[in-house]
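First, the structure itself, so that you have it in front of you.
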Amino acid sequence: MSLITSLTKRQPATTSSDPARDIREKDGRLAFWLVVPSLIVLTIVIAFPVVWSFVRSLYGDGIGATPFVGGDNYANALWGNGSAEFWDAARFTYFFTAVSVVLEVLIGVAMALVANRAFRGRGLLRASVLVPWAIPTAVAAVLWKWAFDPNGIVNAVTGWDLIWTGAEGPSTVAIIVADVWKTAPFVALLVLAGLQIIPEDVYEAARLDGANARQQFLRITLPLVRPALLVAILFRLLDALRMYDLPAIMTGGANGTTTLSVLVVQSSLSQLKPGYGGALATLTFLLIFITAFLFVRMLNVNAVEQAGVRTPRKKDSE
Amino acid sequence: MTTRTPEPTIKGARWRAKKSVHHGSRLSMIGQNAALAAIIVFCLAPFYWMVVSSLKSPDEIFDNSLVPAEPTLLNYEAVFGAENTFVYALRNSFVIAGSVTIIALLFGVLAAYAIARLQFRFKTTVLALFLATSMFPGAAILTPLFQLFAKLGWIDTYQAMIIPDISFSLPLGVWILTSFFRAMPWELEAAARVDGCSRGQAFRKIILPLAVPGVFTTAILVFISAWNEFMIANSMSQTPDAQPVTVAIAQFTGVSQYDKPYGTQMAAGVIVTIPLIILVLIFQRRIISGLTAGGLK
Amino acid sequence: MRTTQRIAMVAAGTAAVLALASCSSDASGDADPSDGSPAAEDAEGVGPITFASGKDLTGAMPQLIEMWNEMHPEQEVTFLELSASPDDQRTSFVQDFQAQSGNYDVVWGDVVWTSEFAARGWLEPLDAEAVAGDDILPAAVESATYDGQVWAAPFMTNAALLFYRSDLIDTPPTTWAELREDCAIAEENDMQCYAGQFAQYEGLTVNAAEAITSAGGAFLSEDGASVAVDSPEAREGLQNLVDMFDEGQIDPAAITFQEQESANAFLDGSTLFLRNWPYVYTAASEEGSEIAGKFDMTVLPGIDGPGSSSLGGINLGVSAFSENKQTAKDWVEWMQSDEAQRVLVSVMNQASVRTDLYTDPEMVEVSPYLPNLQESLMNAVPRPRTPNYNAVSLAIQQNAYAALQGDVSVDEAITTMAADLELAIAE
């Protein structure tokens, strides 16, 4: 009896019998109590400021008076006076995100694979991987800023004579290098944790079937760490799209390295235009939301669905 | 898309919390060691440069010698300064990041369990909601929260930093934990239920220990992201009583207002990074040995 | 059961928090200046206050506060030291003002912030006779004035100097043409000729302003209400810097220079001329310096004669939301006193706003650059005074930077700058 319930519980979506519905209701109630605390916390911390920013974005930024202006701030950013700035920032933000996330994933996965298989030096490796991630971003940005100085260590080691932060291309490279170094470990740590719960028997079985290393990686490792990897990419994506400190410290947004977040800070805090800044923040949010949505849809990053080692099931839409 | 999981091989698999079985020839052994070295260099070379810079005196800090000619602890003395407020800053950072980690894990584990294991309506919506909170530019939530906390008299208190930090650490925690819980061998839970365990007991005794690598990884990631947070802390803290290390580092100065105290900042970076690494290594050993002792093979 | 209760409590708490918050959103600051000046001129408003300043490098602030607190035990000043970064300081002030919390009774700020804060009703108007009298440098007073009213007490001031290698140059140049001729000497000695601050940040606004005002140009009209940059003079001024980059009289790497990098280039002996603030004197003359005894200072060059420096410095403002405004006003006034300013010069090593201290033998002994600095200060021009200073400065930086990089012609850069400034002051 209990065996049957536990089995149906594992796959309620494929079972359409009445007990399953009971379970679903019971599940629903329990789930409600488990999820609600987190939702309440997030409502206070996020919903309130977001709504505040949005409401504020509908008002002007005049000195002395802030009249209701409706969508003017948005129009200004999208096709008005601020549009060149806004779209330039959007373009740079996406370019930066695409390049650095791809590099971070490649390097991060490679690190995790090596770390997972290493016998000796495992502790050292783990510790080293953690180092870049553990250094406060503000300090890391200063480190890289001086490293990329015309008289800095990067030019000294490579023998080049580049003015890194004096032109668009090199500035972009410098910021991407700093970001990849800092956050590839984030990807590595997540993937490594995913790798560690793959049972060795799976590989043994595959080897008995004559699978080579590449096949093992593509057929076993990758599908099994996929959930962890996709979550890592998703969060890197969100973070990179909101990038602020590295360009702020390394270039101050000069040389076309103004990201959307730098623009938000520039408007709302530096130029004391919370209305326009609120509009930029909301637009940034929308862009990121759409990007994340497409990413989740296209790659089927469904934490709900990606059981990894579960029996394949149909999509359990709400 | 989800059908490529090699389901047949999994059945009856023996699960291990940790595995380090090496397979491959001598050649791949060499390749592996090379890869190992490459990774260590990639991660540590800039850090090495940081340590070297921190040991140089102001006179030689901008020469590019790879070893300090006359190593000095001047920068480290400068970090702790006459008033030693950096010690308070370290304490504050531990309190803030620690609280954030505990809260995010506590709430996160519950929510992730529900999302991974229970059937309920609006699950996708809930998950999307968690994600959406990580999409708003951090700077934009500062002003409203500052005004709110100013009204509550919370400026310069721990909670004024802990609560906003949760906005990014809780979603991170929920998503990572959910992905790990999904990959858990829930057959074991079922078996435990057969043996008469309640759902809660099965979770505590079987699933949670198995999830430890995932939970631990999440804890590290969350702790460090809270530890490194600057923008919120810089707004919400005003005195050394509440300022975390990132804010304290921003207060370092050179000999003039125009000199950025590069050496001191590097020294501070080293000081805040090394304890973190040691802490993680100690915890890691504990947890892994704890698992092996638990006999979860 | 218990859980339900607890969650209900949490929910109620949330509602309360949100209700509170919605009250706060309509009071988001931006009040009219006239609202911000309540009739608090009476004897009320006396009591302890908090003074927020940027990081103090020297221990002068605690010393000043102790002096005051001993004299006024009932009106103690608490010192709140903020980040070393001016941007971070400004963010802290802005947030505090927007929340109208009054946590900071007195704030210190860069001279260009005074108009920004005053226009938004965040500062308390001050009595011109008390804090802007004849004994205070006129340029500093001007920087604290907005819309015909004094809004802050000038506390310390600053102007740029031209540092040069006296071992290589006999008579320092007074015009740009002379300076560029002297670049031949740099070439002979395998040195860079001239360094300033040309990275895209506030320092570039300062350098571009000097180039343009020294050539007779200006960014905005006197009252800050209209754009004046679209002129041949402004073009001539900027062109001069661009030509120096083109001809290698300025190191290409200087496009990344802020104060520190440019000072390093002079301190290591590789640069002939440096435009920087007086602080470089200390590092250049201390024992072990490569150029100790081999350098001197003069005023910045201009087109036909000496040029004009941008004015730096710090003004002290009283928060419109302070509860003890009377004490706050007395404190800023005392900070200008002879007694306090002597501490400023001798301990903090900063330039005083009091005219008489520049010729005081005791002070000149400590800081030999004072006579030069006074001359520079006499000709110093405040940066544009406008409530939209930040947007104005960004427009200047971005366009000047593009011209220095050679991405656009000077003519185009000035035309675009004028258009961008028009938008910046309109907003």
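All chains are identified by letter, namely A, B and C, in their written order; residue positions are counted from 1 within each chain.
Just so we're on the same page, a residue touches a chain if its C-beta (ideal position, glycine included) is under 8 Å from a C-beta of that chain, and two chains touch if they have at least 3 such contacts.
Quick caveat: nothing in here was measured; it's all calculated off a predicted structure.
So that we know how the chains sit together, what is the shape of their touch graph: line, ring, star, complete or other?
Contact pattern: complete, every chain touching every other.
Would you say A-C or A-B is joined by more C-beta pairs in contact?
A-B
Roughly how far is subunit A from subunit C, going centre to centre by Cα mean, in whole Å?
39
As a quick test, compute the distance in whole Å between the mean CA positions of subunit A and subunit B.
Centre separation, subunit A to subunit B: 15 Å.
Hunt down the residues of subunit B that sit against at least two other chains at once, touch-wise.
Residues 62, 142-144, 148, 250, 260 of subunit B each touch two or more of the other chains.
What parts of subunit C, by residue number, touch at least two of the other chains?
17, 21, 25, 28, 91, 98
Find every residue in subunit A that makes contact with two or more other chains and list them.
Residues 37, 44, 48, 52, 151, 269, 274 of subunit A each touch two or more of the other chains.
Looking at the complex, which residues from subunit C come into contact with subunit B?
So the residues of subunit C in touch with subunit B come to 17, 20-21, 23-25, 28, 54-55, 57, 80-85, 88, 91-92, 95-96, 98-99, 101, 103, 258-260, 263-264, 277, 279, 282-283, 288.
Any idea which subunit C residues touch subunit A in the complex?
That would be residues 3, 7, 10-11, 14, 17-18, 21, 25, 28, 30-33, 87, 90-91, 94, 98, 116, 119-121, 199-201, 252-253, 255-256, 261, 387-388, 390-391, 394, 401, 405, 423, 427 of subunit C.
Flag every residue of subunit B that touches subunit C in the complex, lowest number first.
59, 62, 142-144, 146-148, 150-152, 155, 234-235, 238-239, 247, 250-261
Under the touch definition given earlier, write down the residues of subunit A that touch subunit C in their complex.
Going through subunit A, the ones touching subunit C are 33, 36-37, 40, 43-44, 48, 52, 55-56, 61-66, 81, 149-151, 163-167, 251-255, 266, 269-274.
Going by the contact rule at the top, pick out the subunit B residues touching subunit A in the complex.
1-7, 9-10, 13-24, 28, 32-33, 35-36, 39-40, 42-44, 46-47, 49-50, 53, 62, 64, 103, 107-108, 110-111, 113-116, 118-127, 129-145, 148, 163-164, 166-167, 170-172, 174-176, 178-180, 182-186, 189-190, 193-194, 210, 213-214, 216-217, 220-221, 224, 227-228, 230-231, 245-246, 249-250, 260, 262, 265-266, 268-269, 272-273, 276-277, 280-281, 284
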